[in-house]
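Below: a set of structures, written as structure tokens.
You will see chain A twice below: alongside chain B first, and alongside chain C after that.
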Partner chain A sequence: MVEWEVVIGLEVHTQLATKTKLFEGAPTAYGAEPNTQAGLLTLAMPGTLPVLNREAVKMAVKFGLGVGAKINATSVFERKNYFYPDLPKGYQISQFYTPVVAEGYLDVILDEGEVKRIGITRAHLEEDAGKSLHEDFHGMTGIDLNRAGIPLLEIVSEPDLRSAKEAVAYLKTLHSLVRYLGISDGNMQEGSFRCDANVSVRPKGSDVLGTRAEIKNVNSFRFVEKAINYEIQRQIALIEEGGTVIQETRLYDSDRDETRSMRGKEGANDYRYFPDPDLLPVVFDDSFVEEVRKTLPELPAKKRERFKEQYGLADYDAAVLSTSRDLADYFEEVVRVSAASPKLCANWVMVELGAVLNKTNTDITQPPVSASALGILIQRVQDNTVSGKIAKTVFEAMVAGEGEADDIIAKRGLRQVTDSAAIERWVEEVLKANPAQVEEYRSGKERVFGFLVGQVMKASKGQANPQQLNEVLLKKLTQ
Partner chain B sequence: MALLPEEVRRIALLARFELKEEEIAPFTDKLSTILDMVEQMSNVDTSHVSPLSHPLDIHQRLREDVVTVFNSRELFQSIAPDVLAGLYLVPQVIE
Partner chain C sequence: MHTKTIAELVIELREKKISSQELVQHYLNRIKKYEPQLNAFVTVLQEDVLNEEAKKADELRAQGHAKLLTGIPIAQKDLFCTKGVRSSCGSKMLDNFIAPYDATVVRQCQDAGMILMGKTNMDEFAMGSSNETSFYGAAFNPWDLERVPGGSSGGSAAAVAGRLVPVATGTDTGGSIRQPAAFTGVTGLKPTYGSVSRYGLIAFASSLDQGGPMTLSAEDAAIMMNVMSGFDPLDSTSVEREYGDFTQHLNRSLSGLKIGIPEEYFGPGLDPAVGAVVQEAIKEYEKMGAKIRSVHLPNNALALPAYYVIAPAECSSNLARFDGVRYGYRCENPKDLMDMYCRSRAEGFGAEVKRRVMIGTYVLSSGHYEALYNKAQCVRRLVQNDFNTAFEEVDIILGPTTPNVAFKKGEKVNDPVSMYLSDVYTVGVNLAGLPGLSIPAGFAHGLPVGMQLVGNYFSEDRLLNVGHQYQQVTDWHKRMPAHV
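Let's look at the complex of A and B:
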């Protein structure tokens, strides 16, 4: 029985968050009426010429700096020639021989906490194509060119990935990075972050690459994992039955969870790249790169380390809280406002807030409770105004839109009682009402203590300070 | 460098040229002549010359990221062969 090794390389197309297209000043907003954002250049009208968007170039350089890559001081745009109505020019302006970014890497944390360095072969700028709509338009195809010409950064990894899980970990890290850098919104539903996977298998120990299949059309992390796993099993089964893998493009069908050959396209692709005579070489001086370097934010890996050091967070908490810049900023604001222990804040953000975000299917960019409002609530726990348990009730009310923590505490009379006379009264009431349990406790059954605590807490409507309650109850029982 | 008729058919397909069968032979000859002429240049030693991507010795100027193109769909679609609900309609391209 041969043991197989899986070899995966990924190509990610990420839409850059520029206001206008790569070569034309037409807007890029998502969801506009069809063809209202396609100007003369996008329509390939004669006499139009492309003019390169400075911001897109900056974003590409920013990405290169974020992955420790070499920035090519001179890069050239080439034409990739093919006829398809979603690109009226008959070619896509792309980069082939001299991309902006070359030879970088991304450190990916795997499940077991192991860090694996994945090589990034290159990243280049190119224009997106329009959308073809194949619904029934009297046997015709409908074309919307709003997306045509939007800048894409195509990021190509080395074939360093060895499982579907690793591929997903790499993608998530890359996704987090482009969002940190602010170069893409990374919205996968809207197609801002799309992935093609090159998958092959070889006998373990071999250093020759097997024939690869390219899987297209995967638009979620979950589907990437499923599509790759399907493809691995397909290739192994094929080879073990004596067949051979052919180099081809396959489409992933998420409904049937399988990949299917796109036959008919094979051999038709001959892109005949050549330098686009409409565009001059792009040359940066060092000052351009340095100017971009100054705009680099703190990157995820660095932030994670800082969270461990500065806040004393555990590996897991630091990793979760640094996955997105928005989440990290939210957490830091909570810590700042509450002046409470970072660990307590981390729990609130990850557990309580996380649960609400999950339930309402929203993310941290639209928090149901602002960071400063949550910070104030945690401060009320820290200064003993409310117990941790009551704070959860207050939080629910805040999520429901009932106002700020202090208003809710006052309105609902949830302020924690630290008045020892009042606590003693509740304790005495409970002891009087439960003589049997008191007797049991005094005869050695100490677990009755928990029951009595619960009764006192109930008598106080949850408002007694738990430490004081414990102390008073213990004192009274052992008197 | 002599081209084969199949190669000419393929080049025609890639360029979306519709060649009649009787045009294949003359095109094969003419294109081969052009390639022969280009091939003479292979005799020149270019090992010290880096590839030229553009004859002008100047660099690309960059544009600021500001919207300068506004919606003119109605005007553009007034000359389109067929439109529907804002879409350009083209012969079906899916297999």
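Let's look at the complex of A and C:
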């Protein structure tokens, strides 16, 4: 039985978050009425000419610096020629022979905590195409050109990935990076972050690549994993049955969880790339690159290390909290405001806040409770105003919009009781009401202690300081 | 009135000897009278619209708000987009196309106060040297109605030579301003690549196309360059620099001017009668104090073949947008998408356009790109280097614009290569991106002969000075065809 090795390379198309298109001043906002964001160039009006958007070049360079890549000081826009109704000029302006970003790499943390370096072959700028709409046109096709001409950065990885899981880990790291850099909103539902996967298999130990199939346009992490896994199984089964994999483009059908052939190699276009004579080569000097470098934020990998060092966080917590810039910023604000232990803050952010985000299907960019409000709540735990348990109740109220932590604590009378006379009173009440349990404890069944703690806590409506409660109860039982 | 240059008309208007309304009406009457023979226009603007424009121009003048060219009529080649007026590019494909915007050149002329009389006939998508590839039928040469006016800016040349307008714009990709200027006895300037905006110029070959004026004199060409040149942020190949006043040095002496005569422009293929005319012109320059010497452009023979790789390559891609989807011609009852593409393009484009689209598609296709397209780009650099070397020794290069005078209609229509050869002295200038001026230098076989002056980059003011000085001592440019 042959053991198979999987080889995967990914091509990611990231829409850049520029205000205008790559080659004209038309706006790029998502969701506008069809064709309302199509300028004269987008429509490919005869006589119109492209003018390069500088912001897009800056963003591409920013990405290059973020993956430690060589930046090509001279890059050329080429025309990729093919006919399609959503490609109005009959060619896409892209970069083929000389991309703006050359070789770089991305360090990806795998499940086992192992760091794997994935090579990035190149990243280049190109225009997005429009959309063909096949519904609602009674057998005809509608064309929406709002998307046409929006800048894309196509990021091509080396075939360094060895499983669907690795592919997804790489994608998530890349996704986090482009959002960190502020060059893309990374919104996968809206198509701002799309992935093509090149998948092949070969007998383990072989250094020859197998024939690959390209899976087009998969738009969620989950589907990427499923599509690749399906494709791996399909190829292995095919080869083991004596067949051969053909080089082709395949489409993932998420409803049926399978990939289907779209077009074979023989149907492949000859794109007739040549330098776009309407555009000059893009040339910039070191000072331009240095200027862009100055705008680089702290990147995920560096932030993760700093979190471990500065806050004493565990690997896992540091990794989770640095996945997005917004989450990391939120966490650091909570630490700053609460002045509490970073570990406690990390728990609150990851567990309590995380649960709410999950439940409401929102993300950290729209937090239900602001970082400073959560910080104050945690401070109240730290200074014993409320117990951790009560704090959760307060937090729920905050999420429900009942106001700030201090207001809720005051309004609901949730302040923790540290008055030992009051605590002794509750303890005595409980001991009196539960003579049987007291007897059991005193005869050596120490397990009952927990029950009695619960009863006292209940009597105090949860407000007794837990440490004092323990001490008093123990004292009374052993008297 | 119609024998006058822009420079002269400007004075007449300023001194109120004529009004813009009279001027426009006069040219309109001439268009009505001669257009049936010349077919110089695809579209002539309506009389009431033109009168209204002329009236406005006169009012501005009366109020003292007139600019230099306020009220001067102009015709635009039909590949410059004009908002609200059809821009057909001489093609069935764009027979129904009305651009929603003005080309920069059109706007510049409007801003200068000029009145758009109409859109001139041209070879389809500027591909041709005789105007015969126009969907609207060929324009005719006013000097001999059996002959072609040249191309692709043949309609503009016929209109100016026929004195139907004092000026028309042209575009020059391989000689499309200079060759028809030579064939019809007018002055035509192809400026340095990047000095006249291409925004709104329906592209044939982007790296070669350049708009320019076709006029009755070098002085008028200088006046028009003041209007048409300049940096345009909408055209990435537009050159940002100070363009200055092109009329400033017109009267500079030519004493000590170094004129280079390339042997390659006087070899076999040149009609000796044409050569003799140019030799006379050279003598005229010597009289004015110019120093004549021989120069070499050794790679000139490669210019034409390289051009016929590069230009079709770019055109095959530039013309892909004409697919029947958004504007222009769409075939009847398409079965499906592929049928719509194929029939719309097959029915919408003429034979020459299709030939070049196919050549261009071929030279860019994988397996041929290196051997053809890349090689042609290398040749292009060699051709440019030849000129650079020559300009280390001389200020101006002079030769015939074309090897022959205007040929008969139909004579070369079935022999594309012989047609292409009429651009043999002009294409090199486009490949190098240099400015070239064609001015009338005399007659051969009773037909106008053009002389080409080529200058270094952005030396149009010098070039126009050299042309203007010649026109001060000769009157070839004032000769009018008998038919009009």
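As a working rule, the second predicted complex is superposed on the first by the 473 of 479 C-alpha atoms of A that agree within 3 Å, B and C clash if a C-alpha of one lies under 4 Å from a C-alpha of the other, contacts with A are read in each partner's own complex, and residues count from 1 in each chain.
Simple rule for what comes next: a contact is a pair of C-beta atoms (placed from the backbone, for glycine too) under 8 Å apart; a residue touches a chain by one contact, two chains touch by 3 or more.
Everything numeric here is computed off the predicted structure, so don't read it as measured data.
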Report for A:Ala26: first if it touches chain B alone, second if chain C alone, otherwise both or neither. first
Classify the contacts of A:Asp270 with the two partner chains as first (chain B alone), second (chain C alone), both, or neither. both
With both structures placed on chain A, which of the two partners, chain B or chain C, ends up touching more residues of chain A? B
First, second, both or neither for A:Leu43, with chain B first and chain C second: both
Quick check for you: in the superposed arrangement, does A:Arg79 touch first (chain B), second (chain C), both or neither? second
In the superposed arrangement, does A:Val438 touch chain B (first), chain C (second), both or neither? neither
Given the touch rule stated above, what does A:His134 touch, chain B (first), chain C (second), both, or neither? first
Which partner does A:Leu279 reach: the first (chain B), the second (chain C), both, or neither? both
Chain B versus chain C as contact partner of A:Val51, first or second or both or neither: both
Dual-contact residues of chain A (chain B, chain C) 40, 43, 51-52, 81, 83, 85, 141, 143, 270, 272, 277, 279-280
Inside the complex, what are the residues of chain B that reach chain A? 10, 14, 16, 51, 53-54, 56, 58-69, 71-73, 76-77, 82, 84-95
Which residues of chain C touch chain A in their complex? 79-81, 87, 89, 94, 97, 99-101, 103, 198-203, 205-207, 233-237, 313-314, 316-317, 319-323, 325-327, 337, 341, 361, 364-366, 369, 373
Footprint of chain B on chain A - complex, ascending: 18-20, 24-27, 33-40, 43, 51-57, 76, 81, 83-85, 97, 132-134, 137-145, 264, 270, 272, 275, 277, 279-283
Please give the residue numbers of chain A that touch chain C in the complex, ascending. 40, 43-52, 79, 81, 83, 85, 88-91, 141, 143, 270, 272-274, 277-280
